[in-house]
Structure formats: C-alpha cells, structure tokens
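Pasting a structure here, questions to come.
Every chain is named by a letter (A, B, C and D) in the order it is written, and numbering of its residues begins at 1.
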Amino acid sequence: MSYMDLNIAQKIIEGAQKKSNEMESNFCVSIVDPRGDLITFIREDGAPWRSVYISQGKAAASAAFMQPSGKLAEGGLNPIHQGLMGMLGGRMIPGQGGLPVYKENEIIGAVGVSGGTPQEDEEIAYAGINHAGCKTSK
Amino acid sequence: MSYMDLNIAQKIIEGAQKKSNEMESNFCVSIVDPRGDLITFIREDGAPWRSVYISQGKAAASAAFMQPSGKLAEGGLNPIHQGLMGMLGGRMIPGQGGLPVYKENEIIGAVGVSGGTPQEDEEIAYAGINHAGCKTSK
Amino acid sequence: MSYMDLNIAQKIIEGAQKKSNEMESNFCVSIVDPRGDLITFIREDGAPWRSVYISQGKAAASAAFMQPSGKLAEGGLNPIHQGLMGMLGGRMIPGQGGLPVYKENEIIGAVGVSGGTPQEDEEIAYAGINHAGCKTSK
Amino acid sequence: MSYMDLNIAQKIIEGAQKKSNEMESNFCVSIVDPRGDLITFIREDGAPWRSVYISQGKAAASAAFMQPSGKLAEGGLNPIHQGLMGMLGGRMIPGQGGLPVYKENEIIGAVGVSGGTPQEDEEIAYAGINHAGCKTSK
C-alpha cells in the first residue's frame, strides 16, 4: 500500500516553491493525508493570513472527495458535499487550488494552495505533485 | 511598515460620526486590524444591538479579504469565502458596509458600519477613512 | 430609568486611560450595556491581541452577574455561572478586571479591562467608573 | 521590529528534528506567529494524527499567553485562560510542549510539539528554538 510519507510531502513543497518563485504572489501550501490531516505546511513570507486556512481547507476537500477542490464548487455545491462539510466542523473549502495526490493508482493525500489567483494556486499544486513523481488522478 | 494605531482609528471614528450626524439612523462603527481584531468601537445611542455584531463582522470580512465586504456577497457567496467564514467560527459578515483601510499602499485594517441602509453604512465607513487621510484601496 | 449612553461610556474610557497612563502596561477597555453588548472599546497601542477578547469577556461577565468579574472565579466557578457561560457561546470571562456600573442604584452596564495584572486591570476599571461619576455597586 | 519569517521557522524545525532523532517517538511540530496562525508544520512518519492538532493547539496557547503552554495548566486552568480558549473556538491547548519564541526581546511566535511525553515535547521545542538562535523568554 502506498502512502504519503514526510519525504514525499516535502518533495511536493519543493516543487511548489520552485513554481511559486516564477510568480509574483506569495503562497501557503498544505499537504494532507487521505483523511485530511496535515502532513506538512509552509507559509511563504508575505502570504496573507487567510491563506493559511484556505490552503488547508482546499487540501482537505480534495482529499475527502478524491478530486480537484475546484470541481466541487462547479455549478453550485451539491448537498452531500455541503452536508459532509458541515458535519466535520467546516474544515473543507471547495474552491480551485486543491488537487488529490495519487501514487500507484492509490490516493495518498492532497495538496491545497492559496495566495494567488485560483488558477495560479492550482498550477502550483500541480507543479508540486509532478515534481514529487506523483499524479493527480488514477 | 504602516500600521493602524489608536490615533488613526479614532480619527476614522471622528469622520464617521461627522457623516452619521447628517443621517437619520444611528450607527455602530468597528475598526479592526488586518487580522480582524478590534482596535476601537462605538455604538451611537439608539443603534440596535445587532449592529454591534454586524459592524464587527463586516470589518473582519473586509480585513480578511482586503476588499469591500459588499463585494463579497455580489452574485452569491463564493465557496472559498463561505469556507473561510465557517472555519473561523462565523466571525465574518459579507455584506455592504465594510471597507479595507490602506496607508502607503499597505492594508492597515478595516472599518465596518451597521445601523442604516447598506449604502449609508458604506458611506460612513468611507467618510471615516477619508477624514483620517487614509485610502480604501492601493 | 438610567442607562449608559455613549457619553457616559466615553467618560469611563477617559478616566480609564488617565489611570492607565500612570502604569507601564497597555490596556484594552470594553464598556458594555447590561446585556453584555459593547457600547465602546479601545485598544491602546501595544496591548496584546488576547486582551481584546479578555476585556470584553470580563465586561460581559460583570454585566450578566451584576458583580465584579473577579468574584465569579473565587473558590472555583459555580455550576450556574459555568452553565450560562456555555449556553451563551463562551462570551464571558470570570476573572478579575471587570466591574459593574451603577447609576442611581440601577445597573447600567459594566467595564472590562485587560493588559496588566488582574489587580491593575480592576484599578483601571474602577478609575473609569469613578471619573464618570458612577458607582460599582448600589 | 522582529518577526518570524519562514527561514527562522524552518531553522526551528531543523533543530527540533535533530533532537527528535535522539528519541524513540515521532513528533508533530507546529510553528505559529504571535496571533497563533501557522507558519510551518511537519508531521514525522508514524506520529499519531491527534498530534497534528495538539501541537498546533499548544503553539497557539503559548503565542496567545506569551508563556510555556505547560505553565497554563499548572494548578488547574485559570478562568481567564479557559474563557479566552472558549471565545476563540477551542483552538488552544494548555498542556506542556509549547514554548513562545523571542528575538531581540520581542515575541515573534511560538512552537508546539506533540508525539512523546510532555517533557520530551517541550525539550524538542526548546532544541528547535535554540538551534535557530532564538530564546524562549525575554
């Protein structure tokens, strides 16, 4: 069984920061396990405080529903997603910038990014996953 | 680095009250720092008790998202705003009447007003910021 | 019927700040009505952020139980106080530094102070009440 | 004015991990700013998921009260600490293992550790702070 160890998580951060250096904004990057609990996190200097929470919420939403967090909000939230988010105390954020992480066809966690445009956030998440040799879908 | 000291905050209140004297309603005015924590607050005699909380919620929302709190609700709440508001225990209110405060191109806090129409609330916030020699955008 | 208008509340703040100038610490001062809702508030430059919340909580506790908030914690919290504090969403803090405000034998609100030692906090609350020509008991 | 940038925070993690390698348990280490918002975080492989939250809660408590989180629980919780913790939505944990971080006599944040005995947790926090050239008191 594959799982996300700290080593993989730190590789994802490394790749994310490399990408973020090409951009003007400063970012928060959260890596979580399949349960949505944090494995590692960084806030780049100058990233807004709200991004601490938003990046974690996107990562948690991607992990819970095993899909990009941006997909969850398309066409309005569905009631099951909304229900689960309420049940779990509002820890998930269904906006673009979170991606699930797959290795050997198994989900091993998710990445959530916040600080730039939703599109930039997702690009950074993708760059991190790619840098670590993982995928964002089966 | 600029920041909102009590002196600036009290100038904002002064300008807000001057404007409020031209109107019929009575208002609550909250001034918060960039993290959303209160710096100063007044409730004019006769302002409804709910405005105590609404003015603070608008100020906190403006500070967190660095924009007018009225913008946040336009076209329905976006899921990221909704998510962050849930995560932070319902301390933010995304309705017109809150404005961020900028000085030397840096956000130094926000003002939230409640008690009149949303339009009046925002006018009072604006008058206060203007009176203190600050701006509401970069 | 006596009640705390903004004018009295600002007099209390004035007296509190005069006293606070004699001390080394920086303080937050909250003035609330008998229901515990804020009338006015100031955070002196340099006062810690936690004092924003603690001063309000002490004021709310004094108003609710019509006694010094420091009395409430003596000998451990009684279960009624604890129950009410829970019911109302944790907005009260039963520690020294809050005093009820009486005028013409009626409670018109309360003051809560935080930022120094509990003893200093209470002295500042008392100085404010006194300066405004009010009392802290019937 | 001193503040904790990502570079200092990562030095603290480095020192904490060096110390943790001498111990049998696996740890979570949270670094927060003075307001209690996360700057960086790691969960070592094998650390229990509850330690993710406990380490953050200890760090937040140390930051809010500018003292070791273990001190807060000595002799039972005082009602002011309890009150503030309730007000802020249960984000603080007053148990040993969190230490404030000072630089040039100013608080710049706090470290919270969980995963071993409370004593070990605090030793790791201390080792991290020391490694980064910071102090845990004025």
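Just so we're on the same page, contacts are C-beta pairs under 8 Å (C-beta built on N, C-alpha and C of every residue); 3 or more make two chains touch, one makes a residue touch a chain.
From a predicted model like this one, the values you see are computed outputs, not experimental measurements.
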For chain C and chain D, chains touching each: B
Comparison of B-D and B-C by number of C-beta pairs in contact, larger one: B-C
Inter-chain centre distance, chain A versus chain C - centres from mean C-alpha coordinates, in Å: 44
Distance between chain centroids, defined by C-alpha means - chain B, chain D (Å): 33
Where chain B and chain C are represented by their mean Cα positions, the distance between them in whole Å: 24
Where chain B touches two or more other chains at once, by residue number: 35, 37, 88
Topology of the chain contact graph, where touching chains are joined (line, ring, star, complete, other): other
Pairs of chains found to touch, sorted by chain label: A-B, A-D, B-C, B-D, C-D
Interfacial residue positions of chain D with respect to chain B in the complex: 1, 35, 88-89
Contact set on chain D toward chain A in their complex: 5-6, 33, 35, 37-45, 49, 52
Residue numbers on chain D that touch chain C, as the complex places them: 34-35, 64-66, 78-80, 83-84, 86-88
Residues of chain C that touch chain D when the two form their complex: 48-50, 53-54, 57, 61, 72-73, 77, 85, 90-95, 118
